[in-house]
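Sharing a structure, written as structure tokens. Questions coming.
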Amino acid sequence: MSGDSLKVGVLGYRFMGKAHANALARLPMFFPDAPATDRHVLVGRDEAALAKAADRLGFETTSTDPESAIEDVDVFYNLGPNAVHPEFSIAALEAGVPVFCEKPLAHTLDAAERMNDAANAADVPAGVAFNYRFVPAIRYAKRLIDEGVLGEIRHVDGAYLQDWLADDDAPWSWRNDESVAGSGALGDLGAHTLDLARFLVGEQAGPIERLSGHLHTFTDERPVDETDPNGETRPVTVDDAYTAQASFANGAVGTFEASRVARGHKNDHTIRVLGSEGSVQFSLERLNELEVKERDDRGYRTVLVTDEDDPYLDHWWPPGHVIGWEHTFVHENYEFLTSVVEGTEFSPSFGDGYRVQQLLAAVEESDASGEWVETPADD
Amino acid sequence: MSGDSLKVGVLGYRFMGKAHANALARLPMFFPDAPATDRHVLVGRDEAALAKAADRLGFETTSTDPESAIEDVDVFYNLGPNAVHPEFSIAALEAGVPVFCEKPLAHTLDAAERMNDAANAADVPAGVAFNYRFVPAIRYAKRLIDEGVLGEIRHVDGAYLQDWLADDDAPWSWRNDESVAGSGALGDLGAHTLDLARFLVGEQAGPIERLSGHLHTFTDERPVDETDPNGETRPVTVDDAYTAQASFANGAVGTFEASRVARGHKNDHTIRVLGSEGSVQFSLERLNELEVKERDDRGYRTVLVTDEDDPYLDHWWPPGHVIGWEHTFVHENYEFLTSVVEGTEFSPSFGDGYRVQQLLAAVEESDASGEWVETPADD
Amino acid sequence: MSGDSLKVGVLGYRFMGKAHANALARLPMFFPDAPATDRHVLVGRDEAALAKAADRLGFETTSTDPESAIEDVDVFYNLGPNAVHPEFSIAALEAGVPVFCEKPLAHTLDAAERMNDAANAADVPAGVAFNYRFVPAIRYAKRLIDEGVLGEIRHVDGAYLQDWLADDDAPWSWRNDESVAGSGALGDLGAHTLDLARFLVGEQAGPIERLSGHLHTFTDERPVDETDPNGETRPVTVDDAYTAQASFANGAVGTFEASRVARGHKNDHTIRVLGSEGSVQFSLERLNELEVKERDDRGYRTVLVTDEDDPYLDHWWPPGHVIGWEHTFVHENYEFLTSVVEGTEFSPSFGDGYRVQQLLAAVEESDASGEWVETPADD
Amino acid sequence: MSGDSLKVGVLGYRFMGKAHANALARLPMFFPDAPATDRHVLVGRDEAALAKAADRLGFETTSTDPESAIEDVDVFYNLGPNAVHPEFSIAALEAGVPVFCEKPLAHTLDAAERMNDAANAADVPAGVAFNYRFVPAIRYAKRLIDEGVLGEIRHVDGAYLQDWLADDDAPWSWRNDESVAGSGALGDLGAHTLDLARFLVGEQAGPIERLSGHLHTFTDERPVDETDPNGETRPVTVDDAYTAQASFANGAVGTFEASRVARGHKNDHTIRVLGSEGSVQFSLERLNELEVKERDDRGYRTVLVTDEDDPYLDHWWPPGHVIGWEHTFVHENYEFLTSVVEGTEFSPSFGDGYRVQQLLAAVEESDASGEWVETPADD
């Protein structure tokens, strides 16, 4: 670290770049004990777009050379398309620069394994930005599960439904290209759900030992230009939707599903965990709430998780003054940067990202073989 | 038929016996065009309990001899445990007596096949009491689907969650015994969901062509006497929960699940169908409502399906005066008895029950083999 | 009482006639300890319609002469328009015949007072059919309030919204005629809400001591024939909507409202009671549920009030198998007829009906004077 | 304006100071066309606390002298307790400095009138921070109402329920002191509801012409120190709750209510508008949603108001990525500062704040007199 502030380099300046830049900008006011940061360099390929984004997002400089940018920073954020994750994340880790990488960890299991190896060999934090772990209601759910309020875990069901690809003429992007994205709804959305399942019940129910999966593509090609639906098209080489069922080490069962063609659902990520004693249900579109059924309760309580002693909430507003989706980025940046400065472990780590990638790969393998797949044992 | 009224014989006098007897009793006031019926004979084994039930449920006579009871009636209701369904249903059909049988059709696929054969050979209606087809909101959903409001069907997800076996010391009953019940949550609850899936989207999405299933038993033995949890126990030889994923002929995907140990859920049967143009969502605990998203709608509408032009509702009360679970039995009895008198086909038929039984068997086969199972093609 | 069964005479054969006839018909199967009844005579003016209704509703005879019908029965149900309530209810009571009268008790405060006097002078039960007191979830709410779970009562808010008069050309009926109905939404709907408020918190918060009210009519005349909206019209002489605010004896405050022109609301009757320790919320369109917040709960629980030990539920179906609006009539008929046979007091009594009528009158008086009105002290 | 950036002075550094400082800090990244601002001076009385707050909230300087601070800035934010609003707001306006003042406008009607006069005499914007006008779902509701989707407005009901004073030993603060706050739940919460009612339906239904109100205080004194509930107490001289009913110029009726002792409700601000053709319902705790019933809809749609063409949403995140309470401050600061630079009118103005204050005063007057109160005609 050079000077008082961490110099942060960020690769990617679109949706995720904006979300993380905003998080960095908000830390001083709301998390005054967070490490100080400089938004030092914004990395990309298109110089004009980059300059404009750097100006808006508050970066000091720009660079089209990730390698040299990495040399120049204390922390490297890898927010590019999935296929861009491995090379520069590994380069940074080999240079001793902590890495915060967007999810899924990589576009292939092999690349994810190499990234995990690099993280294990490095002496600095390597985190994956599974931001939904940092929703206060999810943290609260985990606390209840850890305290045994749910008893033995029996059912874990998750679905992540969006509809931005529901129209056949919704435009093609790299997210429809297997060589860049790895998979479609599976890696884009399912990675979040599978990570949450691991986060919430991993200690109580153990890992997912076996799973069976299915992928489907409803629209095989899409126009390049949304204003010209009859113009050039490109093939969709990833899934529009996946389903899976899973068996956890303790016998718990689960169903998982995601779709980008689920008409009527915008960002509808739900997860429920049912135990022998109690249960919880969560919905991302109402992220300030958690449905909780404790042992002696009749029915679920709708808990507004905005009290002062709720996770992270003392940093924000009085009870009932709800937060938004973006706040999860502030929380995860706070935790990650604290790990960087204090040298502590950050989770979700590249190890967590790699385990999720193994599950994604297992879904694909099962879809191909028509058989249940055992997942690696080292979870 | 002897005289003006159909003489009805009913085997079974507990939960289902009460539900159907009530339905028969209510038809004259609310469905005056329904065939007249006599609750003629109630059939069972325990004479004392039978006499008491017959008195309460309004039956003229009782019998402990199903065979002779069948000879004496115009219609035979088979509401006994699953393993009792085949013998007497087949006997009735062979005697030319219409049969209304509770679900699932049988305890084994083989028995279900024989029942279906008997129904095909007979000249009288043979119906399966999948009563949820007769929820007005479900009928309304089907109407929307048939009219193309949902477009191409893409996702079909159903879950049926109960918690009456969530405690390890919840008492053993025949529903925990494979030799009588065939399966557990799968046949008891899953049969309903799979039937609804067929009913709602069978014509648009085609049959479920392939599926993968999983069964799990959380509690291996249960006390015989709930007041003596440490006393004699019997083994649980059926599943407490199942999960499945399915692929429909048109490529639609689906997840299915049921549990009798789902803490916090009493009779929580949900099904949702997402299409390229619109979507619907249903929950049995709020059975007067249907969530509907039509093409140009922003978000789902909560439709209270109690208007005069909603299915069956003109028979009941003004808009907004909600009906209950039991009303579905009145509707299905109305339709079945009308078929009996008019000689028309009734659905769900034994053929429908047999197709569902094939799906149940496929879930079990997949669980055993660890492989996806193709379902028979003649759906 | 003559013989084994109570001979019941019912004046009115439309909506309410059907609801009570159904209730009487269902008692033997579900409440076997209820007094036996004969649906003996159905009373009305139009002989042809009466005969048809009697046939469908299962009455032995019909009569167009209420006075003589009353002489002939053990119990008299007065289900006619409000203005018909006083004369025949008083006649029955003076003849020593128990009376069950629909709400509101009368069309004027004076008539209600005379009815109450007659009830006080009689030696038989005189009940008002405020059926929402017999919703299991409302009974459960009252139990919680009586047990002190809510602590000191602070807020009582109720709204009853319907939209069957939202269109200007919805047809005129006696319910729009002050001389027959007394008032509009106020007496038709508000009477229910004010009765529930008294029922739920009367013992804890004391009576409504003062209130301020407002009435409004949005549509001044309506067509006689809905198929001819441009044909003959009649004046609407009652309110389409009322609002009120109230102060209870213990200082609790409340708002009340009803409308028959509330677009989008079918039978949306909600009431909530907030206390110093806990709170409850109820909605009639989801009448199997109660929202409950107990002292140490975070947030409201959604309780499905269908368990075996919930009020009346042991008579019906297993947990989660929801009941409908009509079941409240079975419950109130059971309680009323039991009172008749056992000679016990029934509530809501004519006294309760009279107190509600005083509140209705106070709303009208306040609307006219523009001042708060003290309500009579003897509640 | 001196130089490129507006120099902003802010009086108040607690809850509202933080909310506005955050809004100012976020504008450049999300509203790049917003005027540039310097958080120039933070004004208060306690120098140590002020210095700490200025550091955290990003202010360049601090001042304990509002008068001189006003001389030094381009815009003045008055976020102090209500009684502090008049003097310094008027001073700023007289100095030609635009003022953005928290709600309610003042602690007395007289003071509010003087503030309004000063605003009318000044040549710069004077805005009141009724931030809920800037919730996207509220803006969307207004658009629907303005477009006539709801037809003639008939019912406007609003309730704002909190429970932070539900415990008798919740500590005393200036918000319990009439001389500083003016009123309690009425001015603190009810001002928001009454402003929203004016905003949403003022053009369609006209002003509230008459109203009737009621105030109540449940807890008469509160401890000064919450850690010493048996220690010194101070008297509560404001209401814990108010209720009101209102009549709009077009005949629409309404009920209004707020409470700070509503157990189980954290920040539960709801408003619904029912019209002859359609209806909308809003709840602040689910502020990304609007319930909408259009003419031909069956039932309400739950609209997630997060699409790109929804108000302000193009500045934030993709559809379904929900925003929080604080975003309303960003929106209102954007609009206010734009008015300052462009010299356009800002609403809600001091005029709007004064009209609301007239309604607050009318509620108090009605409570005192027991009579309906006509509100001033110039709305």
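Here the chain labels run A, B, C and D in written order, and each chain numbers its own residues starting at 1.
Going forward, a residue touches a chain if its C-beta (ideal position, glycine included) is under 8 Å from a C-beta of that chain, and two chains touch if they have at least 3 such contacts.
Quick caveat, the model's predicted, so the values are computed rather than measured.
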Note: chains that touch subunit B and subunit D both are A, C
Looking at Cα centroids only, farthest away from subunit C lies chain A
Per the C-alpha centroid definition, the whole-Å distance linking subunit B and subunit C comes out as 36
So, in whole Å, the Cα centroid of subunit C is separated from that of subunit D by 41
The positions of subunit B in contact with two or more other chains are 265, 297, 299-300, 304
Contact graph of the chains (line, ring, star, complete, other): complete
In the complex, the residues of subunit D that touch subunit A are 15, 18-19, 21-22, 25-26, 28-30, 32, 56-58, 162, 164, 265-268, 284-288, 304, 306, 316-327
Touching subunit C in the complex, subunit A uses residues 292, 297-304, 307
Residue set of subunit C touching subunit D in the complex reads 150-152, 154-155, 157, 159, 161, 166, 168, 212-214, 216, 218, 241-245, 247, 251, 253-257, 259, 261-265, 274-279, 293, 297, 299-300, 370-372
